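Data block below; observations after.
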Amino acid sequence: MTAVVAGVDIGSTTAKCVVLGEDSRILGKSLSVVGVDIVKDAERALEAALADAHLSRPEVSFITGTGYGRYKVYFGQLVVTEISCHARGANFLFPGTRLVVDIGGQDTKAIRIDDKGEVVDFAMNDKCAAGTGRFLDVCANALGYDVGEIGPLSLQARRAVKVTSTCTVFAESEVTSYVSRGKDPKDILAGLHASIANRTLSLMQRVGVEPEVTFTGGVSQNEGMVHALHRRLGVPVNVSPLSQYLGALGAALHGRERLSGGAA
Amino acid sequence: MSDVVSAPAVSGGVSRSFLRDARGLQRKLVEEYYGAFASVDQPRRPVAYMLVGGNLTEILRSFGYDVVFPEIVALNCAIKHQSLENILHAESLGYGLDVCGYVKNDLGLQDLGGKTSFGQIPRPDLLVCSFSGCYVYVKWWEALAESYGAPLFMFDVPYMREETPRQEDIAYLVSQLWELVHLLEKRTGRAFDMNELKRVLAESRRAEDGWVEFLRAGRLRPSPIEAYFESIFYMFPINVLRGTPGAADFYDVVNEEVRARVRDGNYPLPEEKFRVLVEGVPPYTNYRTFWDFFRKWGAVSVVATYPKVGGLFDRGFRHDPSRPFESIAEYSLGAYVNQSWPLRRKIIADYVKEYQADAVIIHGIKSCRSFTAGQGDLRDWLIHDQGVPTLYIESDHQDPRYFAPAQIKNRMDAFFESLEQRRAVAAAAGAAPG
Amino acid sequence: MPELLKIGSWAGDLPDGEAPAGIEISPDFREFTEAESVERIVHLAQEVLADPTFPTVRAWRTAGGKAIGCFPVYTPQELVHSFAMMPVAIQGGGENLEISRADAALGSFLCSISKSTLEMALTGLLDPFDGFVFPYICDVSRNLDGIFTRVLPQRPSHMLHLPQNFTSPATIPFLVAEYRSLIEKLERVAGRPFSPEDLRASLEVFNEQRALVDRLVVLKRDAPWKVTLVEYYLLLRLGGLLPREVHIPLLRRAIAELEGRERKNKDAIRVIVLGPFCEQPTLELLQLIEDVGCYVVGDELQMLHRWCPRIEPGTDPLESLATSYVRTPVDIGVRSTPTTKAAAILARVDAAKAQGVLFLTAKFCEPALEDVVLYRRALEGRGLPYLHMEFEEKSTTYEQARLQLETFAESILFE
Amino acid sequence: MITGGLDLGAGVIKGVLLEDGRRLLATASAPSRGIPVQAARHVLDTLGETANIAPDDIDYLCTTGFGRYAIPERNLQVSDFTSSARGAVFLFPKTRLVVDVGTQASRTMSISETGKVLKFKMNEKCAAGAGRFVERCSKYLQVPLEEMGPKALASERPKLISSVCAVLAETEIINNVAEGVPLADILMGVFLSLSQRAHSLMRYVGIQPEVTLVGGLVRNVGMVKALHDTIGMDLNVAPDAYYAAALGSAVLGHARLQKLTTAPQGVGG
């Protein structure tokens, strides 16, 4: 069967799409910002990935939607939660993965998986958005940085300050207060990263920390966060430049299984 | 009074007769109960406020009291989306963001005059606080005593740390029960009538038998009952109307209907894909939404801990007319949240086996620390020591501000998805040749 | 080398430094027994608090002693003491303890002290203890006991049911039975039988500590400029972290120094702090209250040492101990006395000549939160100003707290 | 006599110059960008330029707000509550309740005829950041900040947001967008939700007329309408109420200065 499959991941801030060839080679991918019209954004994400793959719509046999906006992927044949998708995607990129950590814009997940990439157990941030990507976003903003800059800056810290507030809104005032007390922004950033690493570890311990650990989601592109997690965990953390696409990739893989009559 | 609390309509592939008779009768009982309070100016009988855990309905009933359970009033408000207004009012009185939603709903409602869409809630003549399993009960009744000036009887119930209570515990409780009897004699001018109490206890016992028969139907495969979402409605008679013939008759109707369901193949869902145990208090404000998250995946709760807050009848306890005071004392000790964590863990483990549950869903609520503090550890124990897939989610039972539908749905979807995946993998492995 | 202090069966009120027969107190406590000034004691106290590994308990153990962790408030520490074991106040992990595992076990909406206490259990910080007592002061404290039985199975934990019915004649016999259940566990841990004589002696030791604590409380009320809130707090806090035989002389020396202190009485408003009877605020927050111009002339800090006045041992010391909780305790938010509560608060305000009340409640501390409304009504009836603020163990910024406290002080001071 | 009032908020620094405690000479504001001292200097310069006054001509400087201790040349500092109350009374003398829906916190206080704070309350955790929340919604919904209010007025069926967590509330908004709720309804829902929170603070201290709105969101017509609808009472609104805290601190500064000049022996250095 010469089937091309696609996965569309509609997150809270970005839409991602991955187009997979029959040998599970990535033929094309796309990343775009989500706006007010999610249905259209999903369409666009697919079109962009198809353009990247030099393919046209009829050549795709199966489309899977995932992410918060998964039910808006009207043109798809299957919806799967991003938890199952991240599990499958991490297994694909790093087959030894047993624990997936995904820090996204709105939530953080720790997913324990087996050797086939099936979810064994998972835990997500409770109660509120404490410790999510949004936390970094807001604090970067309060310090006057772009969220892309803060990871490398945090690595230059000499002495991380202690950030205790887990509430995103209050962390912002905590950050502002440190600034007014003359603390080095780098040290504050290091403190913020350490604080998220700590919250994340707490989630990971709920499902059990077991190597290999694969770090995914938007925040995984932040090297300061990778460093902070590694330091807190004491074991290396797999990170791939494709991490952001893991949900979409996992969705495509789920679609392929479904198409071939597999477990999905 | 057409606008009363009732079970939500069940949609999608469910026979229309499902829940019909019992639900109609339940609605009627609720209507009659609140309707009896309609005339606040001339209450026919004195009113006692009581708490569900360890309640002393039988004794109060034997003295001709009407009993009001503010917890149940509050949950009815929440189901009917009236809780937030009361909660906000209580917050303006100074009750903080982290005070139990039941307390805030009730005290807010009382301060606003006690008017609900299902009837006027009468003022209390007596406040009977059964301190059984919930510390907030004590604080709540203190606040009521302060605002109403009604006398408060504190019934102090020791926490259960061993499966069998100590003799000293029973003696302490029986002594307090006699003190209550003397107080009631003084207040009503009536002499205590032991025969009347025994008669009431016998009715309670009959209702308890019926209730247990209903709960145990969850052991069948497929289960003809929804042990969480459906039970919540059938808890009303066992908690509020216990000791009346109406309560006991009610369960006869329910059980007749359950037997008919089995006979006709009329089940809660067209296909019972997952049998789950639910631990924790339901999010009443988003009850229907929450139920939908289960139904979507073919998940039926076959057993739940929440319906046991009024007593663990299914574990063998019955009110006993031959040992009136002792059995009431044992009842008060036996509320689910009055059991220590080692006992609670054992109950849950037993349930999982007895009801062949595939998974456990824990719903922790912000309001109730008694129920919730330690549920994370329970999750850990179930997964790692018992090998039972378990999902832990948090919201609130009274305060809709803490119910985040998108987040909860995502967790439920992911959980059932992974169960389904694992099941498919296991089936594929089982089917594979060799 | 100085004589080692000893502890055991104390007969009566021994003068400072005189050693009865019993377990030897480790020389590690010499710093405390030799500390001469309040300044030095405060410094030592801060060191002890900053160290999450319970240095004083470890020191006690090196001399062969056993220790029982006591959760606040109405825990009968005398019972533990009567077995020659050290009752130690468990009052959370402070601001330096990183919470990572306890969150998962407990759930989101719970107070700091419960989380940090469980975190300490999960990370080995409570290893120097031989057992724990959790009194039923709230559902969280109660449930912690059940979680401890799973996470620290080798160290017995006991949940003590504290009765809330204070009028029944059956209450005291019941509480005696409760204490007996605790005694059974303590006997197993201590490896020796309960002795009413030893309990009698222990009651006297605690009576002496209580008398001194009371003297300090009165000093803080009548001459708040002589002792800062932080000094006052730390002197009391040491009471739960040192063997009582070390704390008592230390406290006596400190009070003598403080009473003789010459300090200027500032133009500050007199306030009573209600609410922190279990979880304790940070030192910075305590200092901030006085920095913005308030004198704290009444409080609910360190209630573990102050929950009742003197206990006469009587003929049955166990019954005396039970009676003290039922009949003569200090009422705080975790004991039910609805009809007298508001009046008691007003009486306290009057006795302390307080100009306002500061409700300082721990985040998620439901019993304290519920009482605020009751007290609020009583205070409004008398036109007394109040401020309600919440605190947590972990706070590093105090801008919001400062803003509110300053406004409160300004609203009382300025026209 | 010229007194200056500076409100060093976490997001914006606001300043006023006041002549003889009565006449408002100038107002100015600048974003603080986490460096309040620099921004405050800039605001002082702008004020001087507007009023045509040299920095030395300011007789007394009173600061308020989050960064009130950051300015070394201040003569006095007061808390935000105290200053906002005086500012509100300066603008509307019959004010008895002041509501401040600010960037990082909402607060309310009941006051006496003289502007003395009687009771006050600020929002607790999990309900904070009203102004910041509006800013984030602006970014999210791709509606410029100044257009949010006018656009919200078109709402027919406002979509309320239930979550108390500002971040989770964003998720709710995303869901509402996905479900096709009209923009005006989402916007009005945001303002109404914030108003309801402010309302519960107001109820805590006791609502009595007149009610004066001050602070960050006073210029937002959507917020004003939502508050009006929520409390069911007329609100005093004035453009200068944006500067209420700065104004109030200048008023307090003037009073203090008068006291000092009439009793010169009381000046301690």
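Annotations for the structure displayed:
Note that the chains take the letters A, B, C and D in the order they are written out, and that residue 1 is the start of every chain.
Everything below uses one rule, namely that a contact is a pair of C-beta atoms (placed from the backbone, for glycine too) under 8 Å apart; a residue touches a chain by one contact, two chains touch by 3 or more.
Computed from a prediction, not measured in an experiment: that's the story for all the values here.
Chain pairs A-B and B-D differ in how many C-beta pairs are in contact, and the one with more is A-B. Mean C-alpha position of chain C lies 42 Å from that of chain D. The mean-CA centres of chain B and chain D are about 47 angstrom from one another, to the nearest whole unit. Each chain gets a centre from the mean of its Cα atoms; for chain B and chain C, those two points are 37 Å apart. Shared interface positions of chain A, defined as residues touching 2 or more other chains, are 68, 123, 126-128, 173, 177, 206. Annotation for chain C: residues touching 2 or more other chains are 103-104, 107-109, 363, 390, 399-400. Among the residues of chain D, those touching two or more other chains are numbered 66, 124-126, 168, 171, 175. A complete topology is adopted by the chain contact network, contact being made between every pair of chains.
On the chain B side of its complex with chain C, the touching residues are 93-96, 98-100, 103, 131, 134-136, 138-143, 145-146, 152, 154-156, 158-159, 161, 166, 168-169, 171-172, 175-176, 179, 340-342, 344-345, 364, 366, 369-370, 372-377, 380-381, 394. Of all residues in chain A, only 123, 126-128, 162-165, 173-174, 177-178, 198-199, 201-203, 205-206 touch chain C in the complex they form. If you check the complex, the residues on chain A that touch chain B are 68, 80-84, 107, 116, 118-124, 126-127, 206, 208, 262-264. Residues of chain C that touch chain D in their complex: 363, 385, 390, 399-400, 403-404, 406-407, 410-411, 414-415.
By the touch rule above, chain A contacts chain D in their complex via residues 12, 35-36, 38, 68-69, 72, 106, 127-129, 132, 134, 142-144, 167-170, 172-173, 176-177, 179-180.
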